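Common to both upcoming complexes is chain A, partnered first by chain B, then by chain C.
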Partner chain A sequence: MFPRPIEQYGQGTRVAYNAVLPLALLVWLIPLLAVIWFSIKPGEDFTTGNYWGWPENGFQGITNYMTVFTQSAMPQYLWNSVIITVPTMFGAVALSCMTGFALGVYRFKGNLLIFFMFVAGNFVPFQILMVPVRDLTDQMGLYDTRLGLILFHVAFQTGFCTLFMRNFIRALPRALIEAARVEGISEWRIFWFVVLPLMKPAIAALCVLIFTFIWNDFFWAVVLTQSPESQPVTAGITAFNGQYRAMYHLMSAGSIVAAIPPVAMFFLMQKHFIAGLTLGAVK
Partner chain B sequence: MRSIFKTGATALAAATMLSGVAYADGHGVSGPLRIFSDMSNPAPRAVMEDMVARFTAENPEVEVELVITDREAWKTQIRNVLQSGTADIVNWYAGNRMAPYVDAGLFMDISDLWEEGGLTETLASTQGSMTMDDGIWGVPYTYYQWGVYYREDIFAELGLEAPTTWEEELSNCQAIIDSGRACYTIGTKFLWTAGGWFDYLNMRTNGYDFHMDLTAGEVEWTDDRVRATFENWATLIEMGAFIADHQTYSWQEALPFMVNGEAAAYLMGNFAVAPLREAGLSDDQLGFYQFPQIDPSIEPGEDAPTDTFHIAANAENVEAAEAFLLFVASAENQTLINNGDNLGQLPVNANSGVDDDEFLNAGFEMLSNNAGGGIAQFFDRDAPAEMAQVAMQGFQQFMVDPSTLDQVLQILEQARGRIY
Partner chain C sequence: MASVTTDTPIHSNDPAPRAKISQQAIAPWLFLLPAFIFFAVYVIIPIFQSFYISAYEWNGLYSPEYRAVAGSEMTDLECTELGNRAARTEGCEPTGENVWTGEYVGFENYRNLWSDPFFWTSLKNNVIWLLLYFLAIPGGLFISLFLNQKVFGMRLYKSLFFFPFVLSQVVVGLVFSWFYLPNEGLLNEVLSWFGGPRTNILGSNDYATYGIIAAGLWPQTAYCMILYLTGLNAVDPEQIEAARLDGAKGPKMLWYVVLPQLWPATFIAIVVTVIGALRSFDLITIMTNGGPGFYNTSVLAFYMYDVALSEFGFRMGYGSAIAVILFLIMMVYIAGFLWKMWRDEKG
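Up next, the complex of A and B:
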């Protein structure tokens, strides 16, 4: 097993480990803790230079979070994120279940070639797609719409999902599919009633992964959308960064709010998330 | 922010508005009107959408097609839009920033509209910055003042008055330094704040016209007049007028020095007032004065970055576009869009009302009546972007170590040779 469990090390190493681990954890979390701290401080603390100290006039956490929800377009941004993330998740996973099934079960000429094309797509750095994709969306009349973002994400994520699903389906016992064929069941029903139920763990893992990817996407949100009607929350947070002035306390509160759904998703579906990271890797 | 209108000004504004409508009706404007705007931040976006709604309500025959582009992205897109003839009206900036589009014949000369619409009187303060090659190329819709925001209570404690001359400025500053404070806070991490200092020192030392020639690349940076500006700057730096380590702060991070009384003043745009008030400075503690004169024979020039609307040279619906520009320039519209609930800046139209606010009033008064030299747009708008970047880097270096002046000027002069 790698890494070796800590219990198997000597006394000294274990003591050092126990001492250094909390410290490393703290250092690791400092940026996050700073954001949480800033999100409950009043705005004037940033102008008086009281960044880390106790706020003189008390904490303003509730006020800050209320402001984020009532006096900014934050609810709209959050809703946009949901509208973008959920269909993308379903779209990419549904498509990749089908492509994965086709590539994993059927033997036909060009199977490997098609599969490699899906995989190769993942190796294209998405930054170089920025200009062409933006132009394409513009010409299709989808620039600055949620649909444009959804379609692009579905297209781009399907490559990775197909790799994942195809490998998973390959690992299923072929005997199950052949037994169903012997019984004279149509291919469509084999997919629906035999393979799909077996894919549930993969589907769950993939849904969690894609949800997190898309929710946290900033790059494409900025490239393809720019109005509060269509921007997801990651891009919308910059609205607190006005033309002249950054509202650090509101930006921090907004960031915390934006981070809650993926973090909640992670803790609720932790098992699937970790499964998702390793499922595709083993095969 | 308080938003109490001056009733008199509003009535006046309404009267002016009527003439604007009459002009529009007289032409019976109709048809499609394509507006490309860069007002993409939330508040300006709402203002832009509201202006279109009100204009359409008054001119129901016009079908406005509004495209709002990200403010930064627009800087690279405007040329394409103007050349492809897809826009009737575009947003842009006043001053030298217009030059590429005026020179390329992409903006329409609207001098006649200024004459007929009475804009030469109502928008007099910016006529200079909208004029180029004997034409007038657009109308402004908003600007804001720059100047020195200072701690009145510290000045009172030391028995100082707001300075109007360079001698007073230097003696004030010495008194402030002797009391253990810095005269000025500044954060030059993002460079542009140093550009503000250079603008003012150069406009006071050599005048507005020289400053415009310099930013337009027509004067050598190694010129003795430029050196004179830097010498005045060096006087302040060497006496310790600025806070230490300013190159590590953003403009916002430099605010605490003023709030906590470690520095007495800040040369900044009017947007600095809101955070200073939030930090607990009352209007009794906070004051504003115009940057003091250095050479008494020179009319004061002021920085007031101005945002504008222009008609494309190949516009298809010129009449509707002209009606929209008159609508934008009207006192009523400018009062409304610049109030505290909207842009929170200064209207350009001299008949507009300003929110009852000490600093907005002071700025409106200063720009309307006491900026005889002319209105500059700020260093990074007056100079081409590439030149501004190099130059502001040089200003920062000079502020950190004034002895590098020769080296800095050499770099700037080389950049001038390359860029213009």
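Up next, the complex of A and C:
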């Protein structure tokens, strides 16, 4: 193990380490703690300039959060985010299960070329797609609709998901597939009954990753939507910024609400999330 | 498709049914088809379209097409050439179709870019982003070394250190812009304890870009940290022990024994950091919207968006030209990545 386990050091070092650890975390999370602090302070504090001090009239508890929920378009934005994120997640994962199977199991001419096309497409800057995709979405009558965003996200995320799935399927024991073929099972049934059950960990990992990526997307949200009826929460919060300028207590409560779903997803599915992100970090 | 090699060996004394072979030949294409159509329509074709549009001047609109009214003195061609004026011209009528209004300008957009100071500011900022973003890699390595211990509650510590990566960049941007507030921000509050001058970081031409990059480094460092933590988990303990017996420790051990084993993690950290740096858009939009002044904190990704969907009229052609430049820069890295993948596949 590197560095040397802390137990092998002297008493002094051990105590110091255990003391520095929480301090370091505190410093690391200061920006976040600051928002949480803001979100439970009363609004007057910000007009009187008492930004960081103890609130004069006591803490607000969840009052600011309630205001955000009842007096702004926040619920609508959150709902839009859900409507955009969940179908994208299922769509991209379903498509990439198939592409991953096709590219990971079969050997045919052009296999690597198609695989590289998906990989490269996943890395291109968004801007090279922006004008044509916006135009296409508009032509289909889907500009400023949630469906327009979903369709694009599914297509784009399929690139990343294919990279992931194909490498995962590659690592599965081939003997299983060979055995199934000898039994005369059709290719579709091999996919459905043999390979798919083995892909559960990969599917779980991709679901959490895609959920987070899409929930946090901002660029496409502002390119393809513009009204509160279809904008997800990341874009909505900037509109919010206009509505509640300098009302930091509400803005910070709103930001926290917007951040909760991916954060909850991360903490609930931590193992899968990290397995997904660090795929390839180990040989 | 003729030269498909199937995985199931086909013995001559055990002839596989023809249907079986062709099924194995067709199956991959059927599995690929839906995703391929999606990907082609939304990713592959738009790349080429952007190249095409970059040779045009286009405001993003379509205009109605006109034709000559039967029996009038006008011809279809004349009506078309009149453009929108045909609506007021006797003898022309709309066909009901809309036509693209792009106007061919050749390399004009690229020539204009060359003499556009904002383009160069954006490019310069892109370079700064790229260089400084690399700090996330040693930063992440440092934190991961610090956290790679087995003490009580370490799992929770690790997830909390990773936390910033899960937040959307929009939230990170908002949080940091409050942190930097000229008078009330926490940063200035702390600086004033030490007698430092109060600075308006995001309002300053000199510091704004660095302030935004610092915000971006927060989640990016967390990402690199998690990559290295996973990598450190897989470091071969026997090699470490052997090196320790040979008297290696501290930085020497890190450099000669541990880092080489961490190369896969470092490689991915480089890839995601470069891409993260070149995709920086959200933070700039949220924190400064390109300001202060004209495009002082802009990068190509931001400038492209701002030009193409400008409130003073869309300039899709010019925007596409910027996108093409950004794409070509990114292509260098993509090609490198693919080359490595190709080598790994072969080897």
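Structural remarks
The rule is short, and it goes like this: the second predicted complex is superposed on the first by the 250 of 283 C-alpha atoms of A that agree within 3 Å, B and C clash if a C-alpha of one lies under 4 Å from a C-alpha of the other, contacts with A are read in each partner's own complex, and residues count from 1 in each chain.
What we mean here is this: a contact is a pair of C-beta atoms (placed from the backbone, for glycine too) under 8 Å apart; a residue touches a chain by one contact, two chains touch by 3 or more.
Fair warning: this is a prediction, and the values are worked out from it, not measured in the lab.
Within the superposed three-chain model, A:226 lies in touch with chain B and out of touch with chain C [touch as defined at top].
In the superposition on chain A, contact of A:48 is made with chain B only, not with chain C. Between chain B and chain C, C touches the greater number of residues of chain A. When the shared chain is aligned, no partner comes close enough to touch A:66: not chain B, not chain C.
Contacts of A:267 after superposition: chain C is touched, whereas chain B is not reached. When the shared chain is aligned, chain C comes close enough to touch A:123, but chain B does not. Of the two partner chains placed around the shared chain by superposition, chain B is the only one that A:243 touches, whereas chain C remains out of contact.
In the superposed model, A:216 makes contact with chain C only, not with chain B.
When both complexes are aligned on chain A by C-alpha atoms, chain A residues 49 touch chain B in the first and chain C in the second. Per the touch definition, chain A reaches chain C in the complex via residues 1-6, 17-18, 21, 24-25, 28-32, 34-35, 38, 49, 51-52, 95-96, 98-99, 101-103, 105-109, 111-112, 114, 116-121, 123-136, 151-152, 154-156, 158-159, 162, 174, 177-178, 181-182, 184, 186-188, 191, 212, 215-219, 222-223, 234, 237-238, 241, 248, 251-252, 255, 258-259, 262-263, 266-267, 270, 274, 277-278, 280-283.
Per the touch definition, chain B reaches chain A in the complex via residues 40-45, 68-71, 73, 252-253, 255-257, 259-260, 269, 271, 274-276, 278-280.
Chain contact summary for the complex, chain A toward chain B: residues 43-44, 46-50, 72-73, 226-228, 239, 242-246. For chain C in complex with chain A, the touching residues are 1, 3-8, 20, 23-25, 27-29, 31-32, 34-36, 38-39, 41-47, 49-50, 53, 60, 145-146, 148-151, 157, 159-164, 166-172, 174-176, 178-179, 181, 184-186, 189, 218, 223, 226-228, 230-235, 237, 240, 249, 253-254, 257-258, 264-265, 268, 275, 278-279, 281-282, 285-286, 300-301, 304-305, 308-309, 316, 319-320, 322-324, 326-327, 330, 333-334, 337-338, 341-342, 345.
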